[in-house]
Amino acid sequence: MRLTDHPWPDVEASSTDLALLPVGSTEQHGPHAPLGTDALTAEAVADAGAAATDREVVVAPTIPVGVAEEHRGFAGTLWVSEDTFRRYVREVVESLAHHGFDRVVVVNGHGGNVAALRETCARVTRDGTAYAVAFTWFDGVSSDLPMGHGGARETALLRHVAPDLVREDRVEAARAEGADRWGEWVSGVNLAYDSASFTENGVVGDPGAGTAADGEELLDDAAAALSTLLDSVADRPVGGDE
Amino acid sequence: MRLTDHPWPDVEASSTDLALLPVGSTEQHGPHAPLGTDALTAEAVADAGAAATDREVVVAPTIPVGVAEEHRGFAGTLWVSEDTFRRYVREVVESLAHHGFDRVVVVNGHGGNVAALRETCARVTRDGTAYAVAFTWFDGVSSDLPMGHGGARETALLRHVAPDLVREDRVEAARAEGADRWGEWVSGVNLAYDSASFTENGVVGDPGAGTAADGEELLDDAAAALSTLLDSVADRPVGGDE
Amino acid sequence: MRLTDHPWPDVEASSTDLALLPVGSTEQHGPHAPLGTDALTAEAVADAGAAATDREVVVAPTIPVGVAEEHRGFAGTLWVSEDTFRRYVREVVESLAHHGFDRVVVVNGHGGNVAALRETCARVTRDGTAYAVAFTWFDGVSSDLPMGHGGARETALLRHVAPDLVREDRVEAARAEGADRWGEWVSGVNLAYDSASFTENGVVGDPGAGTAADGEELLDDAAAALSTLLDSVADRPVGGDE
Amino acid sequence: MRLTDHPWPDVEASSTDLALLPVGSTEQHGPHAPLGTDALTAEAVADAGAAATDREVVVAPTIPVGVAEEHRGFAGTLWVSEDTFRRYVREVVESLAHHGFDRVVVVNGHGGNVAALRETCARVTRDGTAYAVAFTWFDGVSSDLPMGHGGARETALLRHVAPDLVREDRVEAARAEGADRWGEWVSGVNLAYDSASFTENGVVGDPGAGTAADGEELLDDAAAALSTLLDSVADRPVGGDE
Amino acid sequence: MRLTDHPWPDVEASSTDLALLPVGSTEQHGPHAPLGTDALTAEAVADAGAAATDREVVVAPTIPVGVAEEHRGFAGTLWVSEDTFRRYVREVVESLAHHGFDRVVVVNGHGGNVAALRETCARVTRDGTAYAVAFTWFDGVSSDLPMGHGGARETALLRHVAPDLVREDRVEAARAEGADRWGEWVSGVNLAYDSASFTENGVVGDPGAGTAADGEELLDDAAAALSTLLDSVADRPVGGDE
Amino acid sequence: MRLTDHPWPDVEASSTDLALLPVGSTEQHGPHAPLGTDALTAEAVADAGAAATDREVVVAPTIPVGVAEEHRGFAGTLWVSEDTFRRYVREVVESLAHHGFDRVVVVNGHGGNVAALRETCARVTRDGTAYAVAFTWFDGVSSDLPMGHGGARETALLRHVAPDLVREDRVEAARAEGADRWGEWVSGVNLAYDSASFTENGVVGDPGAGTAADGEELLDDAAAALSTLLDSVADRPVGGDE
């Protein structure tokens, strides 16, 4: 049940304690993929996961702006500081818990959010407010398509869930001018703090390598992984796991 | 241009400095209207305003959770603290300004956000980062329909922009059991901090009083008012108006 | 009982749980009225209210600086940020509650403080520390004198409570050069963040329109309204009104 | 010139850069002295200092609540956290500096404020916003009367500036039951965090030891010391003294 | 040059802009290894790196407590919140930069610090205060010894740099009762927030697998990697790498 | 027992509730004494105190950077803001208390830390988390050697505990060019915020006046004072001393 679409008595009638909170980002994904990629994919995965599980689960609205200052070199990228992001996510989770939805899976679509979400979920869990974990969809699937940024995996999923937003006429240039690797590495350290310093067009990887059918498979995989995760989350104690 | 739907080169090609940032809330709107009402209406007004103006304007994604603790007594209401809300909005505005979109109209759908948005917009304006104001759609139209909460004005607009989400079968009960007035007032002071203390079903006003046609008119009015506002905003100095 | 004037055993001997906390501002009020207007009037109203009620009530000292950055264009205006103001007021209320004075009416003399006080009083109330509301005197009286800024209502009250501080020789110029309306409005939005942008001498309204006798009546009205409010506050539950 | 008493054009006509900011506390001072002692004395010293110097100086309104949690054991004591106190004072100083009053002497009446004021004044000075120092009146005079708390020095000054507020009928008991020393000391460390743990009635020292004439002398001494300090402050560079 | 050991004129005589800041943790490392393991190893690597490079470099004192709440289940583990840790490290880096040491490599010995250090280094770099990166020694070497926690890699290094602190008599039990893997994983998500939930004695991996000679090799490898990193850092622009 | 040197089971086996937390500073101490003086001396005193007492006590690792911005004019001085220092110390104390070490003596080596430590220890004590006090070694001994800065007392102690780090060849110049008094005083107010404004070489006092034998005596005195303090701390109630 998407909270956005229902009046409050429908929510009150629910007896679940499971919630999904999709979190995205509004940031460059190369010349071919929309700025909203990470929010669109997080939301699609959350919806698919809610459909895939037998458990009742409420789905919160998608948080659209995250930790993305590293992409500030590309027009239209929006971001908040890590601190503000952590607070915003944390308090949304706390308000879910207020209503009894105190087992929360944050469904994340952006690599830059991962550390902040881990910290936030640990905090609310240790406080005993809720048991929360973050599921980053592309880390939860076992696909052969490489991840990159605006690369094979994300573009494939977009082709399945939002094909109109993929500029196929730009994919060829996107792959040609994209970078092979994220970052500039020396001695195990990434020296770069801005993606513009290592990718000219914002792409890392090959956006042409994955089809809409691959995207459908990715979505099914992610939904299944999320469903499995919900089974585990349903069994966790709330109030700390010391 | 909706940022969510476009790749970064489209945004870079834009020469405008005007941006709209829709801000909603996820909160109870009575037994008949969805929790997402304020986000849905804010987004609809922002899109309509962008269409109504001759000026180029970018539209940021909608911030879905705001200042709504007063509705915590009703299931599914989500909220963040005022402080976190101010930070989140402020930093999104600052990232818009980073790309040159430094005249920002926050398009607001929720009364509980008004004070926090005024403070936030003042802050970024006085800092010289951007010129920002908040347009709360129901305060910008000259309609005979009373506002209330989940009442005539909001329900009418919903009937136009999201008719499937209005539970018409519950409207009769919603109007019968709703409150006549927001709050509990003594000597000019509202004694209540929770809406549940003065409305049993969350409604204030009469959700049956406005039709989809009224809603269409409301949207046109709001779009026109927003367009007029953009003309004024386009002329304001950025960097303080001392 | 004014806390400032009594040793601690007098306070300990009190059995009330009611407290008044006057809050003002130090800010321009036109060429004729002193910078301390809002603190002077808040204190006068608090004292009059304490005298008017049959209930025992302690009166805290007046907080002299509030949210007034909008008047920074005029010499001598002092201010703190909204955040600092909220914290200062909140912690003073919490220390009142520590001693059992946990039903607190903040008696406010400044429009710029209203939103911050509402947020602060809501916070301590929801936390269960105290039940607190803010009474802004000019919003609690039913006078025909318009409010403005340094206008009829405030000047009349000053003529009653602090006549020596009103520069009557400047009133004529003050009225002639003052503004008719607070702010610059388009589509329901105030575009201005600094009063200097819409009033040359800081005045809004007509400071000549109210007499000392009007001021006396205003004070009586305000005291009666505050007394009525205290009756209601005495009956509220402390610990949240969910 | 007291800011509180003057309209803004009087302040604008001033050409000084010197300001005094009195800071007190509302806290127990034994059974005989009022809770407002520290604010009353700070204000009296500031006024006397402004009268004693040949230099033009503006006097800000008195901040009435400071760092006094140590006296929470006695009814009526108000306090804010150190952090909030520092912010409040700092931002008031910053708003003074906004108008060109960027050499600020905080005139302090409370020992518990000393460390927080030193930190705050250092901060604004190092930031280059203003040059600020805190003058604690009882540390700036060379009197034979011991300080204590509600003891000889403070009671003497009160007898001069606010005799009606000293309960002379309680002085005998106050001295009899008061403590000889502030704190509980072992190895140079004060083990106590609450004054109630080492003084039963809140007094340290002998409130009967100083007369009104002594108080007058103290005020003259303090005014002279403050005047001398203003001469030095007038010569300090603003913008850091590295 | 270790700052701790030198008077200020020695530091002033230096012309380098390179600094190392060792950061550790005080946390359980199994029954055989001391709580100070991460600080000891970070400091050893920093010293070895300073010796290995031809460049002049100052070495700051070691920050001994980091982000280690996950180990709170084991006695003696100390920690601060992520936020406090970030602030502490950031401000130490800023004070290094104040003296011209504005190319800073944080030499880190603890996995739990990695995300916080990345965020902190990004912040000071983007602010233009310094160019900073974090080098986590066990991620910068190419050893066959597995990492774990209190496992082969750390124990080997300890055997070389602080053999007296390794309780060899407990190693056998440590390996027998330790866990094979860090965390409890489902769908790519670690469900655990406390190490006590997946390792009974705090160990992950085999502390018996690495010798003191292995440790010496590890230290040489780490020193060489750090030296290489310093060459790259010396060439980075300070003031952002957009 | 030094936490740094022991594995967790050793700590768990302890039944004490007493802990020492050494806190220093990394700051100039004249041309002859090392930047680490305050950390070295605090650690030495903590170790000596732990040895001198009959009570079991754990010793936390030394916090090396404190409140020292006043020395920023001298190369190599490191510092954090008072706020960050307070948080860091407070949270370390809280983590000690988590394991039952909830009677904590902070052993301090730096005058600039005193106020911040008093505030921090008061906070955790009033919160009921722990009973904490700060012991500043040079305020706890009764020596004839004057304190100063890098002067007789500190240099003597260094000559005993870290003789290799004292540059005896520079002592003569250090004493000749040092200042006689800390600060610039007018009317009881120190006008200076930077030590560089009143001491050219960073020294206050005479570093030649104390011998290694004096230092040994100082250490014994400090250890005895700390031991006595621990006896008192062991008897204090934890959970506030109201």
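Residue numbering begins at 1 within each chain, and the chains themselves are lettered A, B, C, D, E and F in the order written.
Just so we're on the same page, a contact is a pair of C-beta atoms (placed from the backbone, for glycine too) under 8 Å apart; a residue touches a chain by one contact, two chains touch by 3 or more.
The chain lineup, named per UniProt: A, B, C, D, E, F = Creatininase family protein.
What you see is a predicted model, and the numbers here were worked out from it, not measured in a lab.
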{"item": "Number of hops, chain D (Creatininase family protein) to chain E (Creatininase family protein), where each hop joins two touching chains", "value": "2"}
{"item": "Contact distance in steps, from chain B (Creatininase family protein) to chain D (Creatininase family protein)", "value": "2"}
{"item": "Chain pair with more C-beta contacts, B-C versus C-D", "value": "C-D"}
{"item": "Interface sides of chain A (Creatininase family protein) and chain E (Creatininase family protein): same vs different residues, half threshold", "value": "same"}
{"item": "CA centroid of chain B (Creatininase family protein) to CA centroid of chain F (Creatininase family protein), Å", "value": "55"}
{"item": "CA centroid of chain A (Creatininase family protein) to CA centroid of chain C (Creatininase family protein), Å", "value": "48"}
{"item": "Rounded Å distance between chain D (Creatininase family protein) and chain F (Creatininase family protein), as computed from the means of their C-alpha atoms", "value": "30"}
{"item": "Chain F (Creatininase family protein), residues touching no fewer than two other chains", "value": "69, 72, 83"}
{"item": "Pairwise touch network: line, ring, star, complete, or other", "value": "ring"}
{"item": "Going round from chain A (Creatininase family protein), first to chain E (Creatininase family protein): chain order", "value": "A, E, F, D, C, B"}
{"item": "Chain A (Creatininase family protein) to chain E (Creatininase family protein) touching residues, read off their complex", "value": "69-70, 72-73, 82-83, 115, 118-119, 121-122, 125-126, 133-136, 139-141, 186-194, 196-197, 225-226, 228-229, 232-233, 236, 240-242"}
{"item": "In the complex, chain B (Creatininase family protein) residues that touch chain A (Creatininase family protein)", "value": "3-12, 14, 26, 28-36, 39-40, 58, 60-65, 72, 74-81, 84, 87-88, 91-92, 95-96, 98-99, 165, 167, 170, 202"}
